[in-house]
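Here's the structure we're looking at; comments come further down.
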Amino acid sequence: MSRMLRRLAVASVCTLMLFAGIAHAQKQGGVLRITHRDNPPSASIHEEATISTDMPFMGVFNNLVVFAPDAKQNRLEAVVPELATSWKYSDDERTLTFQLRDGVKWHDGKPFTAADVKCTWDVVSGKVDGKMRKNPRKTWWFNIKDIAVDNPLQVTFHLNDPQPSFLVMLAGGFSPVYPCHVPAAQMRTHPIGTGPFKFVSFQQNESIKLERNTEYWKPGRPYLDGIEYTIIANRSTAVLALESGKFDMNITGELTPELVKDVQSHVPTMQCVVQPSNTQGNLLINRDRPPFDDAKIRRALGLSIDRKAFSDILSRGVYNIGGAMLAPPEGIWGWTKEFMETVPGYGADVEKSREEGRRIMKELGYGPDKMLQLKVSTRNIPDYRDAAVLLIDHIKNVYIQGELEPLDSSVWYARLLKKDYAVGMNVQGTGVDDPDVMFFENYTCNSERNYTAYCNKDLEVLFRKQSQMKDFEARKQLVWQIDRTLQEDGARPVVFQSQGGTCWWPAVKGLHLAVNSIYNHWRFDDVWLER
Amino acid sequence: MSTTTATGPVTHGLMSTVWYNARRYPLGVAGAIIMIVFVLSAIFATWVAPLDPFSTNAKASLAAPGGTYLMGADMMGRDVFSRLIHGARVSLAVAIGATMIGSGVGAAVGLACGYIGGWFDLLVQRVTEVFQALPLLVMALVITASLGPSLRNTIIAIAIPLIPIVSRVIRSNVLSLREMPYVEAAKATGMSEWRVAIIHVLPNTLAPLIVLATAQLGSTILTEASLSFLGLGVPEPYPSWGRMLSESAAEYVRTAPWLVIYPGLAISLVVFGSNLLGDALRDALDPRQRD
Amino acid sequence: MAPVLEVSGLTTVFHTRRGLVQAVQDVSFSVEAGETLAIVGESGCGKTITALSLMRLIPQPPGEIVSGSVKLDGTDLLRLSEPEMRKMRGGKIAMIFQEPMTALNPLMTIGKQITEMVMLHDGLPKAAARTRAVEMLYHVRIPEPERRAKEYPHQMSGGMRQRAMIAMALACKPKVLVADEPTTALDVTIQAQILDLIGDLQREFGTAVVLITHDLGVVAETAQRVVVMYAGRKVEEASVEDLFANPLHPYPRGLLGSIPRVGSARGLDVSPDERLREISGMVPALNDLPPGCAFAPRCTQADDKCRSQIPPFELKQPNHFAACWQA
Amino acid sequence: MLSYLIRRLLLMVVTLFGVSVAIFLLLRIVPGNIADILFDSAGLIDPAEKQKIVADLGLDLPLPLQYWQWLNGLLHGDLGFSYVSEKPVIDEILPRIPITARLAALAMIFAVCAGVPLGVISAVRQNTKLDYALRVLSLSGLSMPSFWLGLLILMACVRWFGTIPIYDRAPETFWAWLAMLAIPAASVGFRSSALIMRLTRSSMLEVLRQDFVRTAKSKGLSDTAVTYDHALRNAVLPVITTIGVETAFLFGGLIVTETVFNIPGVARFLVEAIRWRDYPMVQNLVMFIAVVVVSVNLIVDLLYMLVDPRIRYSE
């Protein structure tokens, strides 16, 4: 009864606020409380590749450029200035010059200059050893030839080739400007930025606290007095805590579509968004080890997969189906449905594909009585394991008897490196929805994240070609073709493209999420609390 | 006080002994029945389970209990009931495996300590104290972490902390048995130490060993469940009860509570059964500890 | 002189899983002030149950006193309510147990254990009760009673503990003292001291003593009259002199025979041919008694009558009763 | 008495030394180290960079040297730095101890307050319906995994209150602490209380059969006086020992309970540290646990001496 009343009260207050919101200006004050899913490996965004670090610490920093806060889709056209006031390409599009904002100060009081920009990208592109423990996005910056400090307020990036996507990568949440004078070790534990929020504390497995940067360069911002993340590993506990009103929102993309439905049925006023997390499940097939050195078996394996069933089971049919690039309408570069149906293994009639798969296997001497026995390795994490369990169930249809081999996280990459696996189930995220990021990070011969060591020099030429193309439509067509080749080659067959839910109370205002990435909108300088 | 009760039960063979004890310990019988059902369903899981515990089904995802899915289905559309029955294998394997290894090695160490004594006993005592300075779960946690998650390693991880528990009891038992008149008498007749140990002492430590082992059976199942709950126990593809519970706990406490309730119920019931049986066995075999 | 304690027709049974066990059947006796009555028998003959029945300390269930009366100064203890009986226990009728090692609370000082009782029955304040406790310890000839009162049972020897036990039992000057094998667990040298002590105190306080023992030597030294029990029944009752001189029932005859030179200290004569004669066989299980005389299976003189009919307990000679067809 | 204490303390040192060697070695068998884990979170494979981290942290040094460095630091009060947070270990552990300590204390208080009286009742009313009910209750307490009980409580809270008790920030007042920790403490203490109850019951039954209880009755004491003044004191002796052993066991329960209720205590932290292969953290936490367990056992033994004159005077 009291719960009903409370809900009613909340609902009516929210309705009131909805109307009031139009009339009232943004409100100053309040601490935004967010549930966090796990312990971030460190506070240094440049060293990590997880939303666990990206979301809570993005507010500490600024980029040179960002995606416009209210942009629905993260793309080149949405890039706007941040620490850079403007940018200019040279005529050959091989130099990119940024004018920098004057009077910006780091949280420790030191002034921000062009040297900091050079420092940052010298390190992340691998030109200088910045004492970082790891540098997961080195491949993003393959095109940087040199960075020149023209004067304290002007910096120039010299590129090897024209690259329209360069700005897109600079605009992502994973590309903050780091202070030159702060050592990498400190950035991991007590980051210093120019952003709207200052770092206060990071208690392992407990909480992350940020407070308002009163000297933020953007006048009147941020509105919030601070942001607090509380780490709650158990997802249902986190949801209940959110619903109880102890928190304002949850870490982005962490709720399953099922949970989002549940939350909204209990708290109808809760604002929820389910969107692609730009995370995909894909198969790592060891093509050096028999029998997968035989392209036919790789193909048969690919034909057994019912991507619709993956989507249905893992997300009640919400997950996108596509190739390496995120499928439209959310994704920019993904195949259209029509194109996809022409790709082998993506046909609408799964039974037909499986029939074809069985035929291939029979030719090779396998059958219901002589199943191919193999191990399906995966990380011992529910997301990975669930997908692997489904995979094992699917490949049964083409006479392959898979046995799950869950590996401890500490062992997983070591095994990949040693190529000690037959089939691996892998789940991975990508920071920005862009072919340059996707292809260079995962499919170039020498990338550290190219787990299968798939190496196709001809295709790599095409990677570079598309990267330099200015014409969007033409580039997209090429990307589709590349993606198709990748899937046909079984480089890393993509099984599903995940979506995740984010919920927040209506009192949280000014929050914008993009549809094709969860990593890039957590500056929080426009967000305010209406209560 | 002079005894007024009559002499022991008149036994006419094994069956009547069983029947007599069954009448005396009805709770023990209940425990035995639970354990028998548990063991049988573990052994004959393939025939008992109505559905394939590994087969996924998009249409049955999170089906509520009832109909085809007696205890509902999990997210993958796998039948919870069938998975529980197959999960009994894991629990049984861990319970029997860890208890046997733990009791076997523990008994051997205990006997050796009681008999060899001296520096050996002293050394083992210190090692035992090291083990006892750490909670069982912490010990098992570190061991599974260091060996990696697998059924075999889980068994080892749970068995190792059992060894000192068992060896201590057996040791003190041996020490007291050595002072027993009939053992002294046997020695007086010129029997060798080892003959005495095997003929007179060993059989007499068997009863406390059985009692102790049965009592540990339940706790090993609980430890396995806890390890699995923390993500360090028996991994997929074996459907372990603890892991079934832990994964559902993260997600379905509210949307699909049957995924949390039934695995927990299965664990509790089996441990309850083994405790009942253990109590009855203790009463029957070890009169000194009788209530 | 009227007897202080008059027991008649006392019958105590135990309800066990294997049926009803008749632990004590129709036992009667009486004791006068200052007198010592010994109840003798092998273990399992029901003498301890008799003693506990007098105190109403039979665990209930499974035990039950089904009939009879235990009159203490004319009051039937068996008819008292439990609170009334509590006032009697320790106050009017006290008991000493066989095992001084275990009969005292190991976590309480000796003094406290006596004090507790004195306070309860005589309503004395704590200090006075304590003084009495020390006095009693002095009475039982414990050296340094002040210091000993502060000690715990485990700090004392067996004999000391039994003295303390006696001190406790007699602290409230009970009319009747039930002593259940008070010396069995003690060394022979201590045994005599304890028996002397009981005798001395008995004279001093005029207490009636019911002495339960299996040791005929003890009987000969301390008791005036003897009741012999077998399988829960009285089989013979007589004065010590009469019994030792002329045991009527074959059981006591056997008992006397099994210990040599018994009673020689008091000049009682035991015929040489009856010495060292063992009683073969075992005391029968009380739930599985033979139909006739319970002793018949072990009796060399038993005939068919003995095996089929229970002999009545009757006067065979002046002041000498027995239950035997052959006597 | 003093020599006994010294002997015990020396043995404690030996035990702790053994623990330190054991945990040190166990951790080094673990496949994968902190570098693997760090790279794992970034999805990277780069043996060269990993090697750099390993060298930075001194993990490539010979084991005896690594052990000596740790032990030497430990003896000088320097616990080193966490591999993950790169903060001093002491700063990570210290703030978490009070939370776990409060939870454990509350659980133990609950266990004793519920276990001992119920055990006594069960023993005094042996073989009555109440006794059977209590025995089944205690047995089910021993049979239920504490995390499941915790989850059931959470589910009940969701069902009836629509929300759950969750540790979202440190409570400020004593009562707030109590409110926060009561439910987790009860769910973890239930097992201990069941154990204590069983033990009290059987110990009580045994004591009630002993001669001195009969003596006490023969003195005319009331049942209450016999039960509480004489029997109970003797019956709690083995219970005290169990409380010591159970304190060690309780910690295991705390690991899962802190996980279920999201309490940022030491116990849950240990699991995370193991997961991260954060050697300094795991080593020092385990040592801390061992010190606590060993000390509790010593305290219990001393307490035992205090209560039981037989032991007190024989030493």
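Brief remarks follow.
In this document, chain identifiers A, B, C and D correspond to the written order of the chains, with residue numbering beginning at 1 in each.
FYI, contacts are C-beta pairs under 8 Å (C-beta built on N, C-alpha and C of every residue); 3 or more make two chains touch, one makes a residue touch a chain.
Note that the coordinates shown come from a computational prediction; the quantities given were computed from them, not determined experimentally.
In terms of Cα centroid distance from the overall Cα mean, chain D ranks first. Placing every chain at the mean of its C-alpha atoms, the farthest one from chain A is found to be C.
For the pair chain A and chain D, the distance between C-alpha centroids works out to 41 Å. Work out the mean CA point of chain B and of chain D, and you get 22 Å between them. Mean C-alpha positions place chain B and chain C at a centre distance of 50 Å. Chain centres here are Cα means. That of chain A falls 92 Å from that of chain C. Counting partners per residue, chain B has 148, 231, 249, 253-254 as the residues that reach two or more other chains. Among all residues of chain C, none touch two or more other chains. Within chain A, the positions touching two or more other chains are listed as 233-234, 237, 240, 408, 411.
Chain contact summary for the complex, chain D toward chain B: residues 11, 14-16, 18-19, 22-23, 26-27, 29-31, 126, 139-140, 142-145, 147-148, 151-152, 154-155, 158, 201-202, 205, 248-253, 255-256, 259-260, 270-271, 274-275, 282, 286, 289-290, 293-294.
Note for the complex: chain A touches chain B at residues 233-237, 239-240, 256, 258-259, 262, 309, 312-314, 316, 380, 382, 385-386, 388-390, 392-393, 403-404, 406, 408, 411. Interface of chain C with chain D (complex): residues 55, 57, 83, 86-91, 94-95, 97, 99, 102-108, 116-117, 120-121, 152, 154-155, 165, 168.
Chain D makes touch with chain C in their complex at residues 210-212, 214-222, 229-230, 233-234, 307-310, 313-314. Considering their complex, residues 30-33, 36-47, 49, 52-53, 82, 84-87, 92, 95, 154, 158, 161-164, 166, 168-169, 259-260, 262, 264, 268-269, 272, 275, 277 of chain D touch chain A.
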